[in-house]
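Paired with chain B in one complex and with chain C in the other, chain A is shared by the two complexes that follow.
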Partner chain A sequence: MFPLSAFLISIGAVSAISGFLALLMVIADATIANYGEVKLTINDDHEYTVRGGKPLLGTLMEQEVFIPSACGGRGSCGLCKVVVEEGAGQYLPTELPWISEEEREKSVRLSCQLKVKQDMRIRIPEELFNVKEYDTTVKRIRDLTHDIKEVTLTLNEPNTIDMVAGQFVQFQVPEYELTDEPVYRAYSMSSPPSSTGEIELEIRLVPNGICTTYVHKYLKEGDQVTINGPYGDFFLRDTDREVVCIAGGSGMAPIKSILLDMLDKGINRRVRYFFGARTKKDLFLIDEMRELEKKLPDFQFIPALSEPEPEDEWDGEVGLITDVLDRHMESGDNVEGYLCGSPGMIDACVNVLTKNGVPDELIYFDKFG
Partner chain B sequence: MMDWGMAMAIFFGAIFTNNILLTNYLGMCSFLSVSREIKTSLGLGTAVTFVMAATSLLNYLVYYFILDPLGLTYLRFIVFIIVIAAFVQLVEMIIERVSEPLYAALGIFLPLITVNCAILGVSLFMVIREYTLLSSFFYGLGSGLGWWLAIMAMAGIRQKLAKAKVPRGLEGAGITLIITGMMALAFMGFTGMININ
Partner chain C sequence: MKQTQQMKRAQANMAPGVLTLEGFLGRDQRHLLDIIIEDEAVVQRLDVSHETIARRMQFLRDGGEKGLGEFVTVEPGILVRVDSVRGKLPCPFEDQGLFEKTTTTVRNERINKDISYSDLHIHLIREHGFYEGKGFAFRLEPKELVEILEVPRLES
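Take a look at the complex of A and B:
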């Protein structure tokens, strides 16, 4: 028989040894790994006093400065790059796979791997100060076409967003059938900046897409959704040039936001909006666009179908969006281009625009990844 | 004097005749995955050597001063692993604090070592074979250097191999295991020169 005392002694001994080692770790954590308070300076003029010893990404998040990251700080996405001017030290082997030679010279670091151990000076894009994490509720889900849904989110905490028309947010997909960890996907907001308490996203179903499947199959009105943003530099530049917008599918979203913003702000530039689709069932928000044509002083909406069905009874433009665009372009001298859609469509349309004399640097686009 | 002679025999025996990786096939997982480049192999090999030498000493003390008197030798598997894990964690913290170049070179390998079975193997062999304190330390150090030798040799071979045409089905782990087998055969030539069991 196994005596009770032996049983107790073994439990006691293992507990004592583990307890002693745990105590040792706690002491080490408080002494060896204690880097005290350090000063974090961002873009020369923002100063934070933070506790040292933790990775930069998390430290910044505690100060409510959000750096875009898709993997949540495990060093597997390589997105959370920042320029560290002072106080970084050597590159770690876990950073190197993500850092190019050029970025090394500029001292770009992966903020989830780099720990804050001393006073640090870093540089991040100014607009990231405006990025926050939002708790939202799904207010409405509406079918725009057979495969595009418009999702309206009410912002709860914080309850307003300060964005520029054309920017995007990251949508957090919780764990479900297709993913065993939360993932983030970027979607442009189709609502204008004047709608501060509510945002709209247009989400097209991609077969087996992690986020799109979640939104199309699982998301219901009333559900809670976490987003962060706004991000992006796809917005209307402040010039007098004529605006040519080109979009396909859910590329409608940022363009719609820009158009509504122009209406809000009374911007009277000439705007032409080319929208490419295959058949009539891929077209959406036509009435809204026709309404805008009446409200904006010089706006023309030009939808084009590449393969109209006989039953569509389509009397508008027919052909690939590039051909339609080419037909309508006179001189590109006074034109600025804003494009949103698939990479193939954008590349083809950029070629048409430059061929017609639109300078390369005045063509702005938002490519779907 | 006897003791030192024995310790030296064990030390060299652990490196050559009874190489822990090539005769016991312990510590294979990190050996296979990290032996692609000489630089990282050097880092991991050095870290393994250091941790093996230090934990053999620590585990010796824990075994003979705590477990053995209490009659708890059957708990050695659990206790050894806990001691190794805590030690590695502590060393990582210290290196991170004290030397940044060293941390950049070794730091990320340290957590990998906690689960390196060769380290646990060394601690278990030394109590099974009833080594003295001195012998245990040199056994740990020797095994570490032996492991270092094996991974460095493999890294050298694999760097040459990168230019060779390997049949597609054997690329990666396949060819590495075959080479490890050949290396083990070569090291078998040393067996019997020193007996450390």
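Take a look at the complex of A and C:
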């Protein structure tokens, strides 16, 4: 029979060996895997001395340089791409699904997967230096439709934001029943840049959407919310061309921001805004848009219903927004297009605009996809 | 039946945080092969196939896209909305390409039921007969798909 003392000695020996190995791993991590301080150079003229060994995305965040990422650095959204000119090494298997052949030629890397192990030179859009993280408080939540909420956030620290009308922020969703850790989702701001102390977002409920479910089911006035931003290059170009805006659903947000900014700045260009919905209950901010028609000298709001119900008693435009747009477009000469919505909606509207003579390069869009 | 190496790799890819934050299996700890075999049996009992289900999902998704982000009537009593959010998803079976984060919501007004699915779901069902782990929030039950989407039965 196996004696008890031998059994206990065996357990003790195994425990001692395990403890020793664990200690070795800790020492190895602190010494062998210690990359020390390395130099991180961004866009040739921003230099940071950082501690090596961590993913580039997190390292940049510690230096308050924020790269857009929807998954919080888990490598599951493919958004946090940067160009790495030096110091990157081979592509990692976890990066490859997200990087196209063309991007490989340009040394585009996924910053959440790539670790900083030596001096590194990277290139990012210059405007990302303006991105900050903000502590905010939910000031107001308003139902715009049965599935779209307007969320107003008061900025606490920092207490002002320097944005361009049409840009978006990333909203941090804390842990709750649909996520075990914080995740980020991007939403366009519907408030104008003049509203420096607070921002408005319009958030439509997406079935099973982690952030939209959180906002619609759990978020309440007075809650603390962390955001970062602003991001994006969807903004009104400084020309005198006629502006044609097209949106549907929560695509209203950046267009509203642009219109309010035009009002603030006294920009008097001709603007036509085509807004698509299915029935009257899917329309929102109609009164606000009619008010803007009175305040902006040459602004026309054109809502269209694709399938109005008899009880809607709708006497406005009927049809898909592409058909309505096509009916209204006389000539694409001297016209710029600003579109916000799903990739399908954007592609369809771009086709209508180009068919009517608006050059591709004068069509700007914020594609959700 | 034993899992192939490809199945083992796919199952590893389906863990939370590998390809997507929540993974593909939820608390379902069975072998991937067992999950697929069980769903295959359910699909056969329903007199449909993975291909006919996926074809119907794709048909409604394509019809719904014409609504440009809003619900649109694709067939009498069948409303469809196609939403997109930023980002893309890879296939856990390591097939080529990325799938846009597009959600198709089908509302069957005749029975007053909704169901939502992604482009990746269509691919997983068509190519791999995979409906995600039992009890997982993103799983699609074949029976519900057949009922709500009105998937045509196979001719015997």
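The definition used in the following text is that the second predicted complex is superposed on the first by the 311 of 369 C-alpha atoms of A that agree within 3 Å, B and C clash if a C-alpha of one lies under 4 Å from a C-alpha of the other, contacts with A are read in each partner's own complex, and residues count from 1 in each chain.
Note that in this section a contact is a pair of C-beta atoms (placed from the backbone, for glycine too) under 8 Å apart; a residue touches a chain by one contact, two chains touch by 3 or more.
Being a predicted model, the structure only gives us computed values, none of them experimental.
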>> Contact-wise, after the overlay, does A:G341 reach chain B, chain C, both or neither (first, second, both, neither)?
In response: second
>> Quick check for you: in the superposed arrangement, does A:Y91 touch first (chain B), second (chain C), both or neither?
In response: first
> Does the superposition put A:G276 against chain B (first), chain C (second), both, or neither?
Replying inline: second
> Now for A:G209: first (chain B), second (chain C), both, or neither, which partner does it touch?
Replying inline: second
>> Between chain B and chain C, whom does A:L21 touch in the aligned arrangement: first, second, both, or neither?
In response: first
>> By residue count, which of the two partners contacts chain A more extensively, chain B or chain C?
In response: C
> Touch check for A:S10: first (chain B), second (chain C), both, or neither?
Replying inline: first
> Overlap of the chain B and chain C footprints on chain A, residue-wise?
Replying inline: none
>> Considering only the defined contacts, which chain A positions touch chain C in the complex?
In response: 70-72, 74-79, 97-98, 178-181, 183, 185-186, 204, 206-210, 248-249, 251, 276-278, 282, 306-307, 320-322, 341-345, 348-349, 367-369
>> Using the touch definition from the top, list the residues of chain A that touch chain B in their complex.
In response: 6, 9-10, 13-14, 17-18, 21, 24-25, 28-29, 32-33, 89-94, 115
> Which positions of chain B touch chain A when the two form their complex?
Replying inline: 40, 62, 66-67, 70-72, 75, 78-79, 82-83, 86, 89-90, 93-94, 96-97, 100-101, 103-104, 107-108
> Given the complex with chain A, which residues does chain C contribute to the contact?
Replying inline: 16-22, 65-73, 82-90, 98, 100-103, 105, 114, 116, 137-138
